[in-house]
Structures are given as C-alpha cells and as structure tokens.
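Structures are listed in the sections that come next.
Shared between the two complexes below is chain A, which has chain B as its partner in the first and chain C in the second.
What follows is the complex of A and B.
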C-alpha cells in the first residue's frame, strides 16, 4: 500500500513535499507533519483540541476548583451569567466541573493512548518481523483480545478492584485497548519487511534492533500516529463510559463523573438539560476533534481519500461524472 | 474445508480464552473473591444454604482448592451453565437471571445493529457514488459527528427530547409495567413502543462508522477497471452501483461487523442503563455496582461469547458472498 502511495503521490502537483522519495531513508516526520498541518480537517481538529487543552491547563484561572465539588450553590439553576453552565442538583457549578473534568479526562485518555500504542507497536512489529511461532502466538492472542468486548471486560475488572484511582484506571484500560492497533501495525510491518531498504539494511549487517528502530519505525510513523489518535479518543470514551456507569472514582470531577451524577440524580427526568448537555458536549467535541485529526492523517497517507478541489460547481461535477 | 476447520479451531480457541479469562480475572485481583462474595450474603442466608460456600469455592477457587483443580471445576460448572447463586438476587441462580435478561438485549441489539449496518452502508454507498454531491456533504459529516458522541449522551438527549419534551415514546423499561409478558398483541406492541427509542440510539451511534467505512472502500472500488467496464457496456448507473461496485465494496465492512458488534455489545450497556431496559447490560452494571461477583463473571462470559457467535454468522454470510472463500 505504501508503495502505491508513493506512486500516487509522485504525479500530484498539489503537494510538492510528498514527491521526493529519495529522502525516504531519513526520518519522514517533518514532511508528513507539514502535510498534515495543511490538511483542513486536521486543522479544525487540532484547533478544537488545542482549545480544550488550553482550558484544562488554565482551569484554576477560569473557575474555582472548589465549586466543582463543593455543594454550596443554589441547586438546579439554569445557565446564567453567574453560572455559565448552570448548577447541578447537588448545588455544584457545572462549568467548573467541565473545566476541571477536562484535566482528568484528557490526561487519562492521553496516558492510556501512550501505553496502548506502545504495546500495540511493540507486539505488532515484533510479530511481523520475527514471524514463525512468535507471530502465530501473538496473532492468536491479539485476535482473541480483539473480539472480547472491552466495556464488559473493564466492568468485570473494575468490579473486582478495590481502588479505582487514575493510575489503576490508566493501566487497566491501556492493557485492554491495544489489540486492534496491533493487528493493523502488524499488517503494515509485514508489507514493509520485504521492501528493498529493509533488505539492504539486513545485507549490510545492521542489527535487528537498529533495523526495527531506525528503518522500520520511522517509515511506519504515520500509521503509529493514527493508532495513537484512535486509541486516544476511544480511551476518552471508554473512561467516561466507565465513570458514567458509576465504576470510576465518583468523588473526583471528570466528564464521565458529571454525567454519572446527572443520571443518578435523574436530572434528565426533571428537565435539567444543562447538567448533562455540557459535559456530554465536551466529550463529543473532543472525540470529534480527534476523529478529524485522524481523518486528516488518513487523507495525507491515502491520497485517494483527499477531498475534491474547492470550487465544486455543478457543471464541474457533471463533467467529472461523465468523464 | 480447510478454511472451515481453521475457523472452527478459532471459535473453539476464542471460547476457551473467554472461559479462561473469566476464570482468571477474580484470581488475579487482590483479595479473595470468596470473601468478597460472602460479604454480600447475610449470615442467615449462609446458614440456610450450607452448601453455598462450597459451590462458590468450586467456581472461584478457594483456600482448600488448588488453582488447576479450581480451573477444571470451573470449566465443568460452566459446561452445565452453573455459575452459582447471584448474591444480589438471592436465592436465584445466576443462569436464571441471565436467561431472564439476555433475550431482551439480543432482540434490541440484534435488530438495531443490523438496521445500523444496512442504513450505514447504504448511505456510504450513495455518498461515495456521488462524491462531493449534496448527499455526501450533508450526511457524511452529520454521521461522523453523531458517531463522536458517546451512546449514553445521545441516549440522554433523546430521552430528554422525544420522551420528556415531546412525550412521544415511553422512556423507561421494556414494556408497560401493568402488563405481564406473553404472546399477545398488547404485549408486543408495548414492547415495540418501548424499544423504539433505545433502538434509535443504537442506530444513530453505530451507523456513522459504517457510513465512513463503506464510503472509503467504495471510493477505492469505483476506480477499479471492472466498474469502468460496466459503465462502458452502457449498463444503468444504478445497476453498476449496486451490482458491481457495492457488491465488492461490502466485503470489508462485513468483515468489520464482528469486532464492531463487540463494541456495540459494550455500548448497549449504556443505552440499557439510561432507559432502565431490563437486559443483560443493565444487569451487568447493577451487578458490578452491587459487587455481585458471580453474576458479573457469568455476564462477562455471555458478552464475550456474543461476538464469537457474530463472527460465526458473518463467516457463513461471507461464504455465500465471497466466491474466493468457497473456492479455497
């Protein structure tokens, strides 16, 4: 597929950066990143993501930490100037909950993504490169972990756990979310393995470690980045989901916990839309942003998916279809 | 035949892994599972049923049983669908609780998920065929955005809008509380009425993935030579789209059906919770919150087996649709 990509990219007049294949042996990251940063979908996604991270970082300046967990305000206030997002049944500020929740939700998602991507990359590449018995074993385990539903598995594990701190949750979620990416990365590495530059490195006597780290990995970096983004948003969804089910640390503020309290106190049935709408929107927008980044990465690495030229007049479309 | 044997080996292995995993999780966790279970039974309940501790030790392994023999006993018990007694529904056996709740989930997820697949791939097909057209520019971002929101959030929104504000559909439970389940029209219509909103949530949450998947594959398929050939032969546009492009493009999404189904099975827990739907997912959440470990463990097994069954069905469909598999 990568061979196909380079072939397809060469005649493309739009992206001069993608054309030179001679620089393949060096680390591809810069040109790949520049391409991605030019992609409109990725731009929007990264923009939204930046806003969320910004608010998570400056949370103490835009809201007070105590108002997220302190039940000191008038209860069930609709959004107003004093409480931008209203207050909950318990009298805490929804805005503070969302802003401080961003810290916990984003951090958990990020570290899970780091852990799961590391596992997936290691297992996927080892499996493809070593082959034989190792490959069979890893592939079998992967395909089984792949079909066991994550959420029930995590519910079962958390039911047996005695403490559900952030580190525990990161470890547990990270260890269950690697399988699908391990499969994809294995496939990529298999295709890459028999390419000339790897064979050349082998012939010139480079060590396996150096071939994998210095030759194979840099060429798979866009797929690994895609894996990271994918796991990142799945992790945010899964973590918020567990908290929503009441299986997280319900005393801390995070998006999932806000939604949990909104259902426990049956805010929905009482018509208090603000107590679930804003945390839910925060999750949805973050995930949407990451999906856009992912779509951007996909478009950069698969030119066929790239959008049509900007001026899509009806005539042009007709001409295209009958061409 | 060889293909079939390999698949058979996979099912058996996956089933065995699911069993082993459900056995191992309580063993790997800190603390003794038996102690945790007995905490949730009152002294009278234990006195009334002296054999209960032994039953739990046979399933979870206890002080008196070594790990391999506990494992062997667990497998034997699982083969007889004996998972002990649910502590939160004492004295109902776990298998009975599952038998009561699982059909609701299967009906809800089965119907809604297939609808999502059909709707999603159809939209994906049209979107790819008129790429950049009105259909493509409206529906693809719409479903992409819908797919980004967690199912429980969509569920809460739908409960708020259609259940509470507009009052079109009931928002709690699976059938009218004044009805007893039975094979009559009033019960069925009530069950359908209660099922519409949860099903809608599942369709909205999962159709998006199929739209994108089908669209991507279809775009690649359209540029194949045989599609150009079909056009050149002067076949009708619609016929080329359905019989030539979509017929081939459907295979990758179809193969993604089972893993997606595994996700959907997880997602249904949230939907059932929001709608208080008496299915297996809601029961699992309640069991996990109430630390009803025997029930949690058995339900995980059920949830792990569902995608394996789905893979089996998809393999059969694949056999019909993909001549390459039949030939090998």
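What follows is the complex of A and C.
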C-alpha cells in the first residue's frame, strides 16, 4: 500500500514541453535584425557608432560647451591632460569641439537620412506600384534630381540663403540626396509588385495604400534600412564638406566647422596636426562604422555573402575575396 | 451564400506584343470565350502553357480588364462594375487561389494576417470573433492545430500547407465562386490528392462553384464535372468531363490525352504530330489555330476559323472535320 502511494505521488512521465503560451505577446525582433546583430562587421560598425552616440549624449559631462567655441589665451597648445586634443589658434578646446561637434554632425546626418529615406521610399514604391502616368512623372523628377551635382547645387543654395541653421542644412541636403535611393527602391518594388501575394492581396480587396504599406514595405525593410545608412553617411560627408568650404554656421561647433577653422588658421603649415587630425578622424571613423553596418546589412540580406568563413581573420577574408 | 451562377460571354483579352508605338501587333491571349460556372460544380479549364487559361482566371477576378465580352454574376455585368464598394461586393463573391504556394503568401506576415485581412476588409464577422473564425477556417482546410498554424510564417510551412492556407484565404470571405489557378502543379505528387479532395469536399458542403485551371488531364477527370479545353486563346472543346476525356472530338484534346503517360497501356502506336509553335496567337490570321500541328487538317482549316459546334449533346468542339458546322 505504501509502495503504491509513493508510486502515485511520484510525478508521472514528463509532459511534452509546452509551447510558449502565446507567440504573439512575445516581442520578436525581425529575423534580419537578429541576424545582423550576429554579423561581425555589423557588430564592429554598431559598436563604433554606439561610442560616438554615447559621447554626443554625455557631451556636457566630459567637456564644457563654452570651451568648444569661446576664444581663450591658451592658443596652439598640443594635446595634454588639460586639453586632451590640444587647442586651436583661437584657443578653443579641440576635444570639446569634437565631442560637441558629434551632436551636430550625427543629428544632421540622422535627420537627413530620415527625410531622404522617407522621400525615396514613398516616391519609389508608389511610382513602381501605381505605374503609368504617375510612374513617368516621378521617374522624370527623380532623373532630374539625380543628375544635378549635389555639392555645387548646395553651394549655390546655401550661398543665397540668409539663414544657415541646422534645419536649413537638413532640408537642403535631404531634398537632394533621395534620388538614387528612390531609383533603387522603385526597381525593387517593380520586381515585387507582380508577385502572387500582391495579386492575392488585391483580389481579397486590399486598398492600394494598404498594399504598399502593409504588403510591399515589410518585404523591403532591409533594403530601406540599407538606404537609410547609406544616406546617413553621405549626409555626414556632404555636411562636413559644406562647412569645410565655409558654407555652414561657423560660430557653432561641428566636425566640418573644426576643419574649416583648421584651414583658415593654416594649421597644417604651422604643424598643429591636432586641430585637423581629431575632427577628421571622427568623420572618418563614423563613416567607417556606417559602412560596416551597411556591409552587414548587405551580407544579411544577400544569402550568398552570408556565413562565409569560420575563421574570421580579416586578412584571410580579403585574400579569399580577391582570389 | 447566394447560389448565383457566373456566366462568361465572349470574353476577349488582347495584350500589346510590341514595345514601340509603331508596333501594333497584339497577342490574342483570350478570344471569344464563353462558359458558365454553376454552384456545386467543378469546371476544369485545361490547356498547355500559354493557351490563355491563366488569363481567363485573372480576368474573372478583375486582375485584368477584358478587351471585350461580359462576365455576368447575379445579373450584374462585372465589366461595368465601378467604384470601390461594388468592386468589394464582387470580390466577396468571386475569389482566387494562385499557382505558386511559395509566392502567394507574403513572407513577412503570419498565417493569421493572411486570413484576418479579408475578414476585416469585408466585415465578415465582428472584430472580437476574427481569431475564432481564423481558427475555424484553418480547421476547415485541414490545418490542425489551428492555434499553432495561425502564428506561423509561410516559410515554416510545407508547400501543401501553404496551398491550404491560400485556399482558406479565398474561403474567408465566403465566396460563391473560387477560381483555382493550377493549385496542385507545384506540389509534390503525394499531396496533390489531398488538395483535390479538399476541393471536392468544399464544393459539396458549401455549394461552391470552382473553376479549376490545370494542364493535368488526370486530375481534371478526377474532380471535374465539366471540362473546357483551351488552345491558343480559344476554347476548342467543351462538354461533360467523362465524355470529353473518353471520346474527344477535337484532335488537340486527343493529342493531350495521348501525351499522358499510361503504364498500363504498354506499347502503343506513336501519334503523328506535326511539330509547330504552340499557342502564342500574335495577330492570328483566319483559320483554325491548330492547323499547323493537326494530323487531320483539310483545306478549309487554314481559311476559315471553325466555330464552336455542338456535335453531341452538351459536347461541342471547334473542328471542321469532327464537328462540321452546317454553315461552312
């Protein structure tokens, strides 16, 4: 009897593992995003980018805003513990300039990317899906914007505008950098619009707007993300270029403005390498980071590039590429 | 579910063949096609690639606008239907499933999305019952357990399961006509019969009218009540399935039947076929379109297009030899 009781008290055979009760409630990252977070290139890129964003956010705690732009008597000092990246001809602190400049440069790049990607996505996909006259018109406008050389146009526009704030800069760069992405996205959408699931959605009565937003866009998300990153770093380069040419607001601190002052003060000739090296390095590293992220997206969305070698030595990877 | 009949009268669709302004040649993809789909029947539309059968399917669900002809449903001419509300009303009655189960489901969306959207668009059930109805639909097409299947993405399902999801989506709006465009051609042979049986069950239980588009005569014989044979955009033979497939009138149907491998028959006489370019009726001239491949062609075949003549009861063909018209 006791034996029977103990037997009864023993847990029965293990029940099969219960599936997660509701897979809807679980927050699920899109698969391409999880894949990307596992991609080594994307990891390095996102890591560098994270550092820059971090310094941009905590800028007031690691440097003083006034020393980035204000003049002082401590001029032309090489890097030291007091002035980490040295000082300029006017005596402003290069470290503060780089850290506070990160805010402006990254913000400009980001908002330009948002604006240009939104334009490119809407125009590109609409043009492809609707077709006909709408497609012709949008394609014509795209082609026109596409062939206009960006920098000369921007020089003209910024030279005529009285206001040279960040908003102006974002609007001007954003409205000129969308054309190539619009073309790429149009091509992608053209390929997809005759797939059966789009036709099926149409047959079940979906409206054009829902088909574009609900059916086409989710399938192009990695391509749109790539467009975003690409425009992001081009925008940073273009913005720095414009400011370097003196077409930005040279009273504010940004990487391009730092380079502008370095030229104006002919720092190279005077051997003050620190006043152009550090802002330049910041630009270079940010662009490198974004390029790596882009390469990561590319590898993830293109299965043929995915999961190449197990040994992740960069040299071997390069050797294999060029073999 | 109203048991209306869908009637097609003289349906014609031309596509531009040339890409330039000066090239006015046109492909006669579908020409003068007439038939009707009655509730509770399966009509098979048989033909080879490029014969225009998929174009007919897409014309019926308004993916293409016809060049001419009428599609009558419940006394209303579909080609005259304008406006979103009336289009929706039509779409809630006539649905379609597509050939490629790997392409007809959105890879970024779950099964639930595919079934819930039509329910929402057409307000089939109140909002709080959508989940229940989704499970019901999955159950109806034999996908169990529905709760698990509904949360899956298309890439987690097999070809046969996807095709069942596609059928469930078509059924979601409670249509009276379903156009099935080659539903089994891309599936493994072993699971084809399951899909065919599903079609027969649905036809019987819900009094649905199916248009079963296929190039597979054996499956047509298995499920269909009526068979339409298409060649180069025209219906060349139509009639009761059993009769068309056992005693064909048109030489093209005979050719189709002869090309079905039949291990039981053993060695059989080779059929004489004149090789010719099939289908693709680009600016066709008068005369029978099959004349170049026809083993029994006579002079008149290349001069006058044969009309569809009812040579036997309910069984008609376009052939000057086997179904001669009294007018020619």
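Here is the rule we use: the second predicted complex is superposed on the first by the 278 of 323 C-alpha atoms of A that agree within 3 Å, B and C clash if a C-alpha of one lies under 4 Å from a C-alpha of the other, contacts with A are read in each partner's own complex, and residues count from 1 in each chain.
Note that in this section a residue touches a chain if its C-beta (ideal position, glycine included) is under 8 Å from a C-beta of that chain, and two chains touch if they have at least 3 such contacts.
Nothing here was measured: the structure is a model prediction, and the numbers come from that model.
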> Which partner does A:162 reach: the first (chain B), the second (chain C), both, or neither?
Replying inline: first
>> If we overlay the two complexes on their shared chain A, which of chain B and chain C does A:130 touch? Say first, second, both or neither.
In response: neither
>> If we overlay the two complexes on their shared chain A, which of chain B and chain C does A:259 touch? Say first, second, both or neither.
In response: first
>> A:200 in the overlay: touching chain B, chain C, both, or neither? Say first, second, both or neither.
In response: second
> What is the contact status of A:213 with respect to chain B (first) and chain C (second): first, second, both, or neither?
Replying inline: neither
> Is A:280 touching the first partner chain B, the second partner chain C, both, or neither of them?
Replying inline: first
>> If we overlay the two complexes on their shared chain A, which of chain B and chain C does A:288 touch? Say first, second, both or neither.
In response: first
> Can you name the residues of chain A that touch chain B in the complex?
Replying inline: 140, 143-144, 146-153, 155-162, 180, 233, 237, 240-241, 244-247, 259, 262-263, 268-269, 271, 273, 276-277, 280, 283-285, 287-288, 291, 295, 304-305, 307-308, 312, 317, 321
>> Residue numbers of chain A touching chain C in their complex, please.
In response: 19, 23-24, 195-197, 199-207, 215, 218-219, 221
> Which chain C residues qualify as touching chain A in the complex?
Replying inline: 58, 61-63, 84, 87-88, 91-92, 95-96, 98-100, 103-109, 117-118, 121-122, 148, 151, 166, 169, 172-173
>> For the complex, give me every residue of chain B touching chain A.
In response: 10, 13-14, 17-18, 21-22, 25-26, 29-31, 33, 36, 130-133, 144-145, 147-150, 152-153, 156-157, 159-160, 164-165, 171, 216, 219-220, 223, 258-259, 262-263, 265-267, 269-270, 273-274, 284-285, 287-289, 291, 293, 296-297, 299-300, 303-304, 306-308, 311
